Amino acid sequence: MDVKAEDFFLAAKLDMPRDTKVSKVGSNVTLINVMRIPGLNTLGISLARIDYAPLGENPPHTHPRATEILTVLEGTLYVGFVTSNPENKFLSKVLNKGDVFVFPEGLIHFQFNPNPYKPAVAIAALSSQNPGAITVANALFGSKPAISDDVLAKAFQVEKKTVDWLQAQFWEDNRN
Amino acid sequence: MDVKAEDFFLAAKLDMPRDTKVSKVGSNVTLINVMRIPGLNTLGISLARIDYAPLGENPPHTHPRATEILTVLEGTLYVGFVTSNPENKFLSKVLNKGDVFVFPEGLIHFQFNPNPYKPAVAIAALSSQNPGAITVANALFGSKPAISDDVLAKAFQVEKKTVDWLQAQFWEDNRN
Amino acid sequence: MDVKAEDFFLAAKLDMPRDTKVSKVGSNVTLINVMRIPGLNTLGISLARIDYAPLGENPPHTHPRATEILTVLEGTLYVGFVTSNPENKFLSKVLNKGDVFVFPEGLIHFQFNPNPYKPAVAIAALSSQNPGAITVANALFGSKPAISDDVLAKAFQVEKKTVDWLQAQFWEDNRN
Amino acid sequence: MDVKAEDFFLAAKLDMPRDTKVSKVGSNVTLINVMRIPGLNTLGISLARIDYAPLGENPPHTHPRATEILTVLEGTLYVGFVTSNPENKFLSKVLNKGDVFVFPEGLIHFQFNPNPYKPAVAIAALSSQNPGAITVANALFGSKPAISDDVLAKAFQVEKKTVDWLQAQFWEDNRN
Amino acid sequence: MDVKAEDFFLAAKLDMPRDTKVSKVGSNVTLINVMRIPGLNTLGISLARIDYAPLGENPPHTHPRATEILTVLEGTLYVGFVTSNPENKFLSKVLNKGDVFVFPEGLIHFQFNPNPYKPAVAIAALSSQNPGAITVANALFGSKPAISDDVLAKAFQVEKKTVDWLQAQFWEDNRN
Amino acid sequence: MDVKAEDFFLAAKLDMPRDTKVSKVGSNVTLINVMRIPGLNTLGISLARIDYAPLGENPPHTHPRATEILTVLEGTLYVGFVTSNPENKFLSKVLNKGDVFVFPEGLIHFQFNPNPYKPAVAIAALSSQNPGAITVANALFGSKPAISDDVLAKAFQVEKKTVDWLQAQFWEDNRN
């Protein structure tokens, strides 16, 4: 195996704004993981740029194999995570440019841009070369195939038709 | 430190049915982790009994630090998990007595008892002495304090009043 | 790779009694590890059912790569493990249905059914997808080829003919 | 322990330029590790901002317990690392804004700002909550107390007076 | 904490022969682990000198938390280990001065000096700062308190009086 | 896969003196790692013999993936390591035959034989099956291709011609 600099490099254009209209929630995550830089294999780290539209959010999600540390490059973010059962304590903070925040491994967390006029940008690092991401609403209501509405109606204590309506929405959202 | 057998033992009564009415979803998880058996410290494993009422479920949740392997002792379970973004593939199976299923670390999964007349029971093991559990609906709608309804309304693409109504329900559910 | 539910599932029939006459010691271990459920790969856990005849035992053994946590489903078990040199402290307990016990990684341990009339059953979980098991007597006296009787005679401080007799027995036992 | 948001937060002002005149080499590393955010404990990640003066460099160094992934925020960086014995292969790259590069755990690496007029800025993440940093020249020539000049003269195949002169320089440099 | 060289040092006299008459089996292990060099904490390694009398042996044992790599300094050693169930394959080798052999983590292994006239010496390294050692015969027959002779008689398929006799011997051996 | 004793064995002749004239610094490291004993794969340990000419040294180097523990077989060694920034504390010790010393993972360390008449010999163990070694001077001045002299001149605060001269020397040294 002849190792070369290109195995550890990506012209990732992390300085360039991403289109936040690709999702209904107004955010766009550009993750640089081992699939994009092969040299990261087994090394336990990856990096991401996150763009937020005005009032956009990176909706509640988890990383099944990583802790995240984030700093704000532009704008303001309202961020938070929830601790496990039984406390389900919600810890949150408003972050300004230059602030740093940590989302511990596997916990549900989000970032929300509270500013109705200005976008926001963050850089985040994750403690795995392949952290994974599970957007909770998409996993529950936009999975393929759909989770049985019996299961979701009971979990959220709503009627099945509410679940069906949510699934219709997310299915459409996940089409592309 | 004088090590003794009691440090590795618990009269956990895992053979005894638990009351599944303690939760609205009709299930009850009895987890034997390092808080209950001190000798488990650093050893990377824990064990649980799960009781399901007829039509009860262990609703969608994740373990932030563990994989789970489960076998059915009594009854039938419809189980499943969803893979990470962007696939969000839903893998499911109906389990009968004696079947074994694996829920990989950090993924959202559930077990549902589809039988309207009979309870079900499972034994599960987890690959951490302190696996943690995050019941998704509780973490999102029953956290203390509540997550801003702006955040949740956008994430689930519903109106804020729907979020508020869900939060009222779960708050009540989590009171005890 | 197209992941599917079958990769995480086994119709293992862990609810069915196993034949405890397959071994002279009156026990039978059904281990569900990564060789039987490919989805367990790298996930650090496995599960087993253990059947014990009346007065049967799962004789002294170690798991070179795993801690074990066990609960009794049926009957009674006298269990124990021995700590390392120089203490060689023996910790033991009589377990009834529903009790839980932990055998730390790599230590010699056993389970014995003291009841001369009734079988016993346990479920055990192990902190590796491939824990391995070394039955001490079989490894020492039933290995293929045999360990030199000089070595074993000195280790057990017996005559060589005693070793030879033990080896003859175990070799026969391990034939199938 | 009552966990709170402040344990996972730091008003680190990572958006603000640092003074690159604090070192003779024209760079300044602001590392946010577990000593500054206690919530990072055991979580395996940390974050840094690095400022480079025109022609400034973050001189050859290693992180004994971490891989580093870096992206350029402003300016241009000439970066590289050297593989282990016996190849000692030097891999290098010129990075522009938005590019990403990986420095594998424990290898000697550097970043150099080749522009004589403009500063540069990078954000780097490290795969440990306490990665450590060993600036090679400082460790060798600026240690307290000094390494014997016999040892260094032989290692660098120079005369002892050359070593003594280097040590005098670095000792002064490390005084504050 | 003021770190000092003494935390990483021991005047262990590993060059000096040890008395191999301290045990009935004619060997003596001098292990330098974290209890003797505090600086080894969390670093995952330890070192040992092993002395063998003529015809002496380091009897069958396991290290519950470590692999061992050994080289012969003086004399000749007949060494071996047994793989796990169900193969119980015995791998062995005669080692001369300067040879190297590996005993994988948790497997039962031994070293025997086949020379009736000359002692042997080895240096071994283990992949844990606290590897532990379980001498199989001592753990089984010399534990305190004794393992029930029912358990051992069945495991070794011998009569209880044979077990009692072995225990009497080993108990005496372990007295000091 | 049919495992055999040869996979865990090497006739490494670690008892035989090595030629210390192969390097200008008067030392020779014989490392037995996973490339030489395939059975070491994933087992986290390796072993080395190090020969030192009179006044020879194993010059300042790091192991990017391992802690080292060393004992002196013959002669005397002056050894040391330097802690990370900002302390750069130098810890050193004179080791005699039979002494043991630990070099923590990733730190710069060396061994020097202060005796002008007698060689020295050590056995070292490392906490990885593939620890790697980075000889600092070789990596900096003997890499292929060469590191830019701008980078090194600034790092060592010397003139470029000094760097060029050093590189010429080491390039020659590394030719074979």
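Read from first to last, the chains carry the letters A, B, C, D, E and F; within each, the first residue is number 1.
The definition used in the following text is that a residue touches a chain if its C-beta (ideal position, glycine included) is under 8 Å from a C-beta of that chain, and two chains touch if they have at least 3 such contacts.
None of the values given here were measured: they were computed from a predicted structure.
In the CA-based superposition of chain A onto chain F, the rotation angle is 120 degrees, rounded to steps of 5. Where chain E touches chain F, over half of the residue numbers in use are shared by the two copies, so each contributes mostly the same positions.
Ranked by how far their CA centres sit from the centre of chain F, the chains are topped by B.
A centroid comparison over C-alpha atoms places C as the chain most distant from chain D.
More C-beta pairs touch across one of B-C and C-E than the other; that pair is C-E.
With each centre defined as the average position of its C-alpha atoms, the distance from chain C to chain D rounds to 51 Å. One inter-chain figure worth recording: chain B and chain D are separated by 44 Å, centre to centre, where each centre is the mean of the chain's CA atoms. Mean C-alpha position of chain D lies 23 Å from that of chain F. Along chain B, residues 80, 89, 92, 104-105 each make contact with two or more other chains. In terms of inter-chain touching, the protein chains here make up one closed cycle, each touching precisely two others. In ring order, beginning at chain D and turning toward chain F, the chains are D, F, E, C, B, A. The residues of chain A lying in touch with chain D in their complex are 3-5, 8-16, 32, 37, 39-40, 43-47, 49, 66-69, 71-73, 80-81, 83, 89, 91-93, 95-105, 123, 125-127. Interface of chain C with chain E (complex): residues 24-26, 55, 57, 59-65, 78, 80, 82, 84-90, 92, 104-108, 110, 112, 114, 132-148, 150-152, 154-158, 166, 169-170, 173-174.
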